[in-house]
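I have a structure here, written as C-alpha cells, and I will follow up with some questions on it.
In this document, chain identifiers A, B and C correspond to the written order of the chains, with residue numbering beginning at 1 in each.
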Amino acid sequence: MDNKNLKGWLYLLPAFLFLGIFMIYPLIDVFVYSFEEGYNSASQTFSGTGLYNYSYVLHDPYFLQAVQNTLLLVGITVPLSTGLALLISVALSSIKPLRNLFQTVYFLPYVTNTLAVGLVFMILFKKTPYSDGLVNLLIQTFGGDSVDFIGGPYWAKMFVLCFYTVWVVMPFKILILTSALASVSQTYYNAARVDGTPRWRIFTRITLPMISPMVFYLVITGFIGAFKAYSDAVALFGTDLNASEMNTIVGYVYDMLYGDSGGYPSYASAAAIILFAIVLTITCINLLVSKKHVHY
Amino acid sequence: MSQKTNYQKIEKRARAGKIISNIILYTLLTLWGLIVLFPFYWMLLTSVKSYGSYNAEHVPSFFTLSPTLQNYVDAFTTVSLGKYLLNTLLFTLSTTAIMLAVITLAAFAFARLDFRGKHLMFTMFLSLMMIPNELVVITNFTTITNLGMRNTFLGLILPSVTSVFYIYLLKENFAQIPDELYYAAKVDGTSDLRYLRRVMIPICKPTLITILILKIIECWNSYVWPRLITDNPDYYLVSNGIQEIRENGFGRENIPAMMAAVVVISVPLIVLFLIFRRKVMAGVARGGTKG
Amino acid sequence: MKILLQNLTKKFPGRGKKSSSEVIAVNNFTFEIPDGKLVGLLGPSGCGKSTALNLICGLLKPTDGKIFFGEDDVTNLPPEHRGVGLVFQNYALYPHLTVLKNITFPLENLRGADKLSREEMEKRALEAAKLVQLEGLMDRKPSELSGGQQQRVAIARALVKSPKVLLLDEPLSNLDARLRLQTREEIRRIQRQTGVTTVFVTHDQEEAMSISDMIVVMKEGVAQQIGRPQEVYDEPVNLFVAKFLGTPPINIFRGQVSGGRLYIGEEAVLALEGTTDREVTVGIRPEGFIPREDGPLTCHMTRVEVMGRDISVVSTHPCSATVSIRSIINAESMVDPDARTVRFSIKPHKLYLFDSETGERIPFTARVC
C-alpha cells in the first residue's frame, strides 16, 4: 500500500516540483510583495507593510494611461473581432468552392510571430521623412490627409493597435466559430427552408442560439486575452511604451519590474493583482450573463 | 395561367437572389483574405527590394523588377539572426521535450494510478489553471535572478516546462482508455512504465501531437519571459532578436533587411503549418487559446 | 392537391475526385399521387426514397424531369413557395425553443398579406397541437419530451401552416416498437382528419402496408411497383418486390418448368400452362403451404413453432435458395413435430414464377392436376 502511494507521487513529482516553484510559491509571493512598502531590490529589504503600493500604482499617471489604453483596446477589439469572425465564419460556411483555401489563409496569422509581423504593420502605417507609407498613400488617394499612425496622434496609434490586435486574434475565432457552425445539423436549416424562413431569421433564431455557447466562450477568452495585451503594442511601438502613450496594464507591470524604469517588484505586483481582480470581475460578469442567454 | 407566371417570377427571383448573395459572400471573403495576406506579401516584397531603391521610393511600389537577395545575406551577417534562430530552435525543442515528459508522467499518475491525496491534488491542479502568467512572472523573475540563471538556457526553459492545462487535456484522454487494457497488461506482467510507453502513449498520440503543436507555436512566439531573463544577445530568441534588430540593428532604418529577418523568422512555422494543416487546425480548435 | 412526378431523375456527382462515376439516386421516376391519399415510399436503405421525398419538397433540384402540384409546374420552385410540410427523421426540433415556439415558427415567417397576429399564431398552434394531442405540453423544451411526443411536435409544426402536401421522412424509425405501432395509427388518423395529401418514406414494409392507401416500392432509384398495398403483395411484378414485402418473407426455390409442370427438384409441384419450358425462380408465400400426407413437396422438418392462432413450420429443402423454409399454417391442421419429413401441397395463387435471370414475373395459369 505504501509502495503504491509512493509510486503515484513519484510520477507526479516533476510536475509538482515545477508548479510549486514557478506557480504556487510565486502566487503567494506576489501578494506578499504587493504589501511590502519601500522594497529595495538591491538589498532585498523593505521598510514596512501596507497598501501604499496599491495607492502609488493607482495614482501613477502611467498606470492610469495603461488602464485607459487597455480598456479602450478591450472595448473595441472584443466586440469587433467577435462580430467580424461571426460574419466571416457564416460566409465561409455558406460556400463550398474555395472554402478550404480561405480557411487556410485565414489561419495564417495564428502561426506567425507577433513581434515580427508587427514590424510589417509598423512599416505599412508609419510615416517617415522618406515616405508616407502605404496606408497613408491609400488615404491620400481617397482624398484624405496623411497621418503618422505610429508616432502621431493618440487616436491614430490606438487605431493601429486595435487593427493589429483584431488581425492577430481573428484566426482563432474564425476557427472556433466555423467548427461550431459545422456542428449545427443541416436538418435544422432544411426544416427552416421548407418553412420559408428568411436568411436573417435563420441566423438570429436558429444559428445564433445554437452556437451561443461557443460565442460566449470566445467573448470570455477574448476579454481575458485583450486585457493581457502587451506584445502587439511592443511590436508596433517599440519597448518604450510609456513614451508613446501606448502602454498596457501588462506592459506597465513589466516596465515596473525590469527595463529602464524597472526595479520595483512591489509596484509591479500591486499592478498585476489589480489586473487580475479586473479580469476576474469581468469574467464573472460574463459568466453570469452567459448563463442567462445560453440555452443549454 | 396567372398562377404559372407568378411561379416563374418566384423562380427567377430565387435564382437572382442566390447569385447576388454568392457575389456578396465571395467579395467579403476575398476582402478579408487580402487583409490577411497583404502583410505577408508586403514583407516578402520589401525583403527583396534593395536598400537604395526602397529608400528612393517616396510612393511605395507594389512590385519590384530587380529583386535582390542581398538583404537576406545582410540579415545573417550584419546581425546574429542565425544565432537567434538556433537559440529559438534549441529553446523550443528542449522546452517541448521536457514538458511532454513531465506532463505525461503527471497525467498518467492522475489517470491510472491510485494513491492517497490524488483527488485533492487534482482539484488543486485544476484551480491553478485560472492563474494568469502575469501574476507569477514577477516572482519567477526574482527567483531566476537570485539563482544566477539569467542569460542561461536553464533560466529560459525551466518556468515553462509544465502546463496544468495540458496535463488536464492528456489526463482526460488517458482516462478514456478502458481499464481492461491495464488489467490485461498487469496479468501479462507488464510494468506501469512499459504499459504507459507501449499502450497509453500510442493510443493517445493525437492528443500528444496536438499538445506538441501548440507548445511549439507558443515557444516560437514567446517574447515576454525571454525579454525579462536575457539581456545578452547571445541568448536572444527570435522575438527579442527582432526587437533588438529594430532598435539597434542594421544601422538606421534598413527596412528591407529587417523584413528579410522577419521573413526568415516567419517561414519555419508557416511551413510547419502548411504541412500539418489539418492537425494544427484541429489541435488549436481543441486546446488553443490566443485572442 | 394532386402530385405528378414526371420522368424524375436525380444524379449526384461521384465520391471519387477523378472518377466520372455519378450516383443515380432517382432514375426516371414517374408517378401520380392522387389528392388526399396517404402514400408510402418503400424500399431498402439507399434506394433513393429519401431523395425522392427531398425532390418533392424542393430541398433538392432534379437533374431531369418535372414535378407538378395540381396543374402547376413546381420543378424549380424553392421549397418555401411549394406549401409543403416536412417532418424530418430526427424531427429537427429547435432545441432552444419551447413546443409552442417550435410550432409557431413557420407562421412567423409569413409576411405581407399573410402576416398573422401573435394571438392568431397561438390559436393555430393550439389547433395543431390539439390535432396531435399535445395540448398540455406547450411550454416544454423538446429535450423534456419523450420520443413520441417530439414526433408529434414535428407533425404539428409541419401541419400548422396548412400545407397542401405533408411529407414524412422515416417518421417512425426513431421510436421504440410499441410507440411505433401507436404512432402509425396516429399518422393515419391525422391524415384522415386533415385530408392532406401525404407522402411518407419508410424501409419497414409492415409500416407502409398497414397505413398507406398506396405504396411505391423502390430499388436503386427505380420505382419497381406502384399500387394498393394488398395488390402489390398479391401480384408482385418481380422477385425483388416479392421478397421485400411480407413477414415472414417469401420462400424462394430453384425450379423448372417442363412439359406443363413445375418441378422443384424431382417433384412436380404444380400443373400449369401459359409458359414455355425453362429454368425459373419460384416464390411461395408462407401462407401458401397446406400440409398434406400426399402433398407433392417433401421437406425435411426442422421444428414447429407454435404462435397461438397459427403454427409455423420450419423446414429445409435441397432446392431452397434460402437456409430454411418457413410456412404459416392454421393451428388446427395436424403436423407431427417429431416427423422427419413434412409434405405440402401449394395454393396456386400464393406461388409466383420469376425469370431466373432477370427476376421478372412470369405469368401462368394453374391447371388442376
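Just so we're on the same page, a contact is a pair of C-beta atoms (placed from the backbone, for glycine too) under 8 Å apart; a residue touches a chain by one contact, two chains touch by 3 or more.
Worth saying up front: this structure is predicted, and the values here are computed from it rather than measured.
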Pair of chains joined by more contacts [C-beta pairs], B-C or A-B: A-B
Per Cα centroids, the chain farthest from chain B: C
Euclidean distance of C-alpha centroids - chain A vs chain C, Å: 58
Chain centre separation in whole Å, for chain B relative to chain A (CA means): 16
Cα-centroid distance, chain B relative to chain C, in whole angstrom: 56
Numbers and ranges of chain B residues touching at least 2 other chains: none
Touching two or more other chains - residue numbers and ranges from chain C: 78, 81
Residues of chain B that touch chain C when the two form their complex: 3-4, 7, 10-11, 14
Touch list for chain A against partner chain C, complex: 185, 187-188, 190-198, 201, 205-206, 209-210, 295-296
Touch list for chain A against partner chain B, complex: 4-9, 11-12, 14-16, 18-19, 21-27, 29-30, 33, 41, 81, 84, 87-88, 91-92, 94-95, 98, 102-117, 119-121, 123-124, 128, 130-134, 137, 167-173, 175-176, 179, 199, 218, 221-222, 224-225, 228, 230-231, 234, 238-239, 250, 253-254, 257-258, 265, 268-269, 272-273, 275-276, 279
Residues of chain B touching chain A in the complex: 21-22, 25-26, 28-29, 32-33, 35-37, 39-40, 42-43, 46, 55, 57-60, 101-103, 105-106, 108-110, 113-116, 118, 121, 125, 128, 131-132, 134-143, 158-159, 161-162, 164, 167, 192, 217, 220-221, 223-224, 227-228, 238-239, 242-243, 246-247, 253, 255, 258-259, 261-262, 265-266, 269-270, 272-274, 277, 280-281, 284-285, 288-291
Chain B partner contacts - residues on chain C that touch it in the complex: 71-74, 76-78, 81
